[in-house]
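Input: structures, listed below.
The same subunit A turns up in both complexes below, where it pairs with subunit B and then with subunit C.
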Partner chain A sequence: MTVVRIESLSKVYGAVRAVDRISVEIGDGEFISLLGPSGCGKTTTLKMIAGFEEASEGAIRFDGADVVRVPAEKRDIGMVFQNYALFPHMTVDQNLAFGLEMRRVPRAEMRSRIDRVLEMVQLSGFSGRYPSQLSGGQQQRVALARALVIEPRILLLDEPLANLDAKLREEMRVFIRDLQRRVGITTVYVTHDQAEAMTMSDRVVVMFGGRIAQVGAPADIYERPQNLDVARFVGQVNLVSGTVASADDGTLAIDTAFGRAAAPARDGLHPGQAVTLSLRPEAIGLGAPGKAGAPGRVEARYYSGSLIDYRVALDGGETLHVQSFPTVAFAEGDRVSVHAPADRLWLIGAAQ
Partner chain B sequence: MRSRVLAAYCILIYLFLAAPIIIVVGASFNAGNFLTFPPQGLSLRWYVVFFHNDVFMRAIRTSLWVAAVTTCVSLVVGTMAALFYVQHAGRWKETVRVAMLAPLLLPEVLTAIALLFFVYAIGIGTRSMFGMVVGHVLMTLPFVFINVAASLESFDPDWDMAARSLGAGRWTRFRRIMLPLIKPGVIGGALFAFIISFDMFTISFLLKGIGTSTLPIQLFDYLRTNFTPEAAAVSTLSVLLTLGVVIVSDKVLGLKLHRF
Partner chain C sequence: MSAASAAVAPAPSRLRLGPLVLIAPAAILLAVFLVIPYLNILLMSFRAPGQGTPYGEGFTIANYLRFFSDGFYIRQVANTLWIGFLCTAICLVVGFPVAWQLARGSPRFRAIGYGLVLSPLLVGIVIRSYGWTILLGNNGLINRTLTNIGLIEGPLPLMYNALGIVIALVHVFLPFMILPLMAAIQGVDPSLETAARSLGASRLTAFRRVTLPLCMPGIQAGCILVFVLSLSAYVTPSLIGGLRVKTMAVTVVDALIDTFQWPWGSALALILSVTGALIVVLFARLTRMKWKVART
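The block that comes next holds the complex of A and B.
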């Protein structure tokens, strides 16, 4: 199958560097997400991989061969668009057949391939329908089928779930992920929804302003964000201040309201310096007042069924977002002691 | 109550506008010798006269031929202009639009005179029908342009990209994806071009080839010296012909909108 290598790829529009020297390797059969806020260059990157936009600099290699000069129609990619882009004047069958006709696949084989893919996306009875006669979710699956039936080297998806309602979106996440595993196709998925990126991907590429901020497995990105932007963009986060107590043997000891945390030594951080650490809301525990931990008071409580969110004001002055299971419940105004395991305190950098 | 009055007004206005056509059609079935309404007796004699009138028959053939050529040329040029306008004109969009619609804004006589000077200046003159066809194309181009551009505006560029990702080259994408999806605009534009060219007077009058004549001009010539119901028969047939073109293109080419 196909390994995609992107080497210091850039796209320049006049004075704007929409994509700025990004490099990443996507393994064979890997599901990778491009995640970032609006305008960070996700779509531009995807379009360069697809061949709809010409790269200004850099290389894109499919199994080692640079494809930058290869036109989109010769790259052998499957693409799924945000608004599906199904051909409205063709039936589901004709939509799926189009790519096969371009490849001069014989009639009989065409039929069997279309039937097989339609079954995969659970739309077997729909081959004679026009796109306008399908629901959004069904259109979505036809778009997926149309991209897969040609058995492309790479599957590219640009925010394919953005137009679906919340419930369907969650179903489709699992559906697409399972399908991709079964087919085993190298996949690049663009989204600005961090939950989507986390649940679906093998690895996530976080982008800001045309650059890659961090590449890693979802758990890496979530638990060990490399900077404040990533920490804030991927899930919710509390920023906790601390002070470097000592720096020995390549390890920093940092004092915080929750006790002493450890972190690998970093250039420019020395004892006595103020630093910022990240702490995820669900890592924080609440206990009865007087127990170990920092004392505080519950300011607000938001119940959402499976979880309860609290806003807790520490006596030290900081305000924290805490998430916990409804098994231990506190009311607004309750005094609590707040504790967090030292290994969930992650050093972001020197305090600003 | 008010809506009834309004409806009555509308019907009256409509009748007033349609009356000339009704009268002409009625007068064409005249059995008498003069163009009168109501007709003096019913007969098809003036149609028979018309079909035996070589001058009119030649004029109608010329008109059909000119309209057909005009429609083809206008369709190709207008569609290409609309494609450029919608997809590539960028910041020149407004300029391109005004330039394309200019023939509608100028008085037809002025355009005709300017063209006349032009065809003589470049040495083509009016010996052939070239000048006239150019004039017709010029006058019908805006209608093709407007219709096709309107369809193109609702053509989603993602459709083209999807077809590309599936491996379709430029020409295949145009033929299999774009053309079917902008068909309503293309057919609408073609109908306008044909009908307008078929009925064109001023341009044809000044630019017609020596010794040739289109139907509207022949009719005008005829009415200067004669006042028989044959003129009404000619007009009626020309209305029917136009109607026929609309109906046939609707049935054959399918003006019906796609299932969106």
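The block that comes next holds the complex of A and C.
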């Protein structure tokens, strides 16, 4: 259907570059998330794609054609808002019909399209209700249906789950993702929730301060963060210090508390230099004291059902966050040996 | 189980005095100074005209027959309604953009604008109406200026006609339109317009189909306020209209105070009130908002 190409797109407010020369290509039918803290420019980017914010520089191409000068109502987008933005004076039916009326779709076709979409979002039988008569989750699905019924070229979602409670949010993640796959529509999803971005997206665009910090599949972003900001923002992370032992054949050997790790050589890193590595909490194993690994002590233990989170103080002074299945259980105060596979130690860069 | 539910059940019904005490002042005020006088007027309108006294012996429907058999008074009611309608329509059209800016404009504009909108209310209505006679009179500021710069030969008829009354009433009642409109517009989420545009509506269509209907509660309140106030306005029409154009309110006061015909004046007052009330009810029915009623 539609390939979206963003080319060195910027949004400048006075002296502030809210979005700073970002470029990314979103494939046909791809689900891409813009992920970042508030103020990182993700929502501004979405609004520029939608046409509600004017781009200061750069191009936005839908299938090659630049739409920067095209008004929002002519861009043929479907948008879902954080507060749903359902028309309170219209029934579910009328909300869905609105976009079709704007497109002068004949009555009979309108009916069948509305019915089909309502069935897709499991709201058949709700067509005569007003938004005020629906629950938050139902309103959310009406908003989704209203955006999809017009069969837009691209679907834009602006933190659509932020106002739902935790349980419903998890259900809706799966629901939206499945629906998007079924419809096969190119989708841009804005969120500050990394778990949401990871579970739903084909690729994640991590943004900080108006710039793209990293673009990649969820596993790339999680396992191979390109800098400290990304590592910290996406999931929980332990920062482990190490020292470059040798640099041969384009490979660095790095000594850490968990043994020797390897990483591709990088400019500016040489033997003897102190570096920082990332280590995810679930990659760390705990064993009985005396076994292989760094010795330490369990400081705190947080049980959450499917997992247990530990805070472990290494005898060397570092504190680690460890996540393990409840099958391995230690009590607070227990001595443990801490080990981690070398391939889960990921080089971030020179220590700061 | 039953013990638990008993603990949760409300205490045995006891007369709740709180709410009654709280509404009592307003209720007493309304009963003593509105309902009883109204009943009095109703009674008075059926009394016989008096000879040298405000009213005579016995009861009659002659006052109402007099009204409906005399085209002059029917025309006067129609005229009064027309002035009320014009004032309301003009206030709505003129007030909406102002209310919009007050609701959506920059904070600084809002503070200044709010003060400006309210400022007419700080000056007494008599003073404002006299002010308009100075501006609108044949020898008034507007006519003299226009004559002096040679735009007109003789004075334009701005006073002693419906036009002058409407101009002055619009000025007086504009705040009563703007304030409810402003509150209504503030209650409309701007993202609804954005949503409408994302669905393919132009700015104008988004406004017409989404924002405007959602402002309906404010439009309704503002229109009813201005219409009712225009119908019952006395000071401004009597000063600007003079002897030439009389609204019903002026005629009623004439009958009650100048010619001392209390039954006749009461009948006229009631006819005006009932007509106005009927129009307000009809208007409210026509602009009824189904979505406001639909709550679970």
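Rule of thumb we're sticking to: the second predicted complex is superposed on the first by the 352 of 352 C-alpha atoms of A that agree within 3 Å, B and C clash if a C-alpha of one lies under 4 Å from a C-alpha of the other, contacts with A are read in each partner's own complex, and residues count from 1 in each chain.
Basically, a contact is a pair of C-beta atoms (placed from the backbone, for glycine too) under 8 Å apart; a residue touches a chain by one contact, two chains touch by 3 or more.
These numbers were taken from a predicted model, which means no experiment stands behind them.
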Clash or fit (per the criteria above) of subunit B with subunit C on subunit A: clash
Which superposed partner A:G99 touches (first subunit B, second subunit C, both, neither): both
Contacts of A:F52 with subunit B and subunit C, given as first, second, both or neither: both
First (subunit B), second (subunit C), both or neither touched by A:A72: both
Contacts of A:V4 with subunit B and subunit C, given as first, second, both or neither: neither
Partner chain(s) touched by A:I150 [first = subunit B, second = subunit C, both, neither]: both
Shared subunit A contacts, counted only where both subunit B and subunit C touch the same residue: 50, 52, 71-74, 76-79, 81, 83, 85-89, 98-99, 102-103, 130, 132-133, 146-147, 150, 156
For the subunit B and subunit A complex, residues of the former touching the latter: 156, 158-159, 161-169, 172, 176-177, 180-181, 258-260
Complex contact set, residues of subunit A against subunit C: 50, 52, 71-74, 76-79, 81, 83, 85-90, 98-99, 102-103, 130, 132-133, 146-147, 150, 156
Interfacial residue positions of subunit C with respect to subunit A in the complex: 189, 191-192, 194-202, 205, 209-210, 213-214, 216, 289, 291, 294-296
Contacting residues of subunit A [partner subunit B, same complex]: 50-52, 71-79, 81, 83, 85-89, 98-99, 102-103, 130, 132-133, 146-147, 150, 156
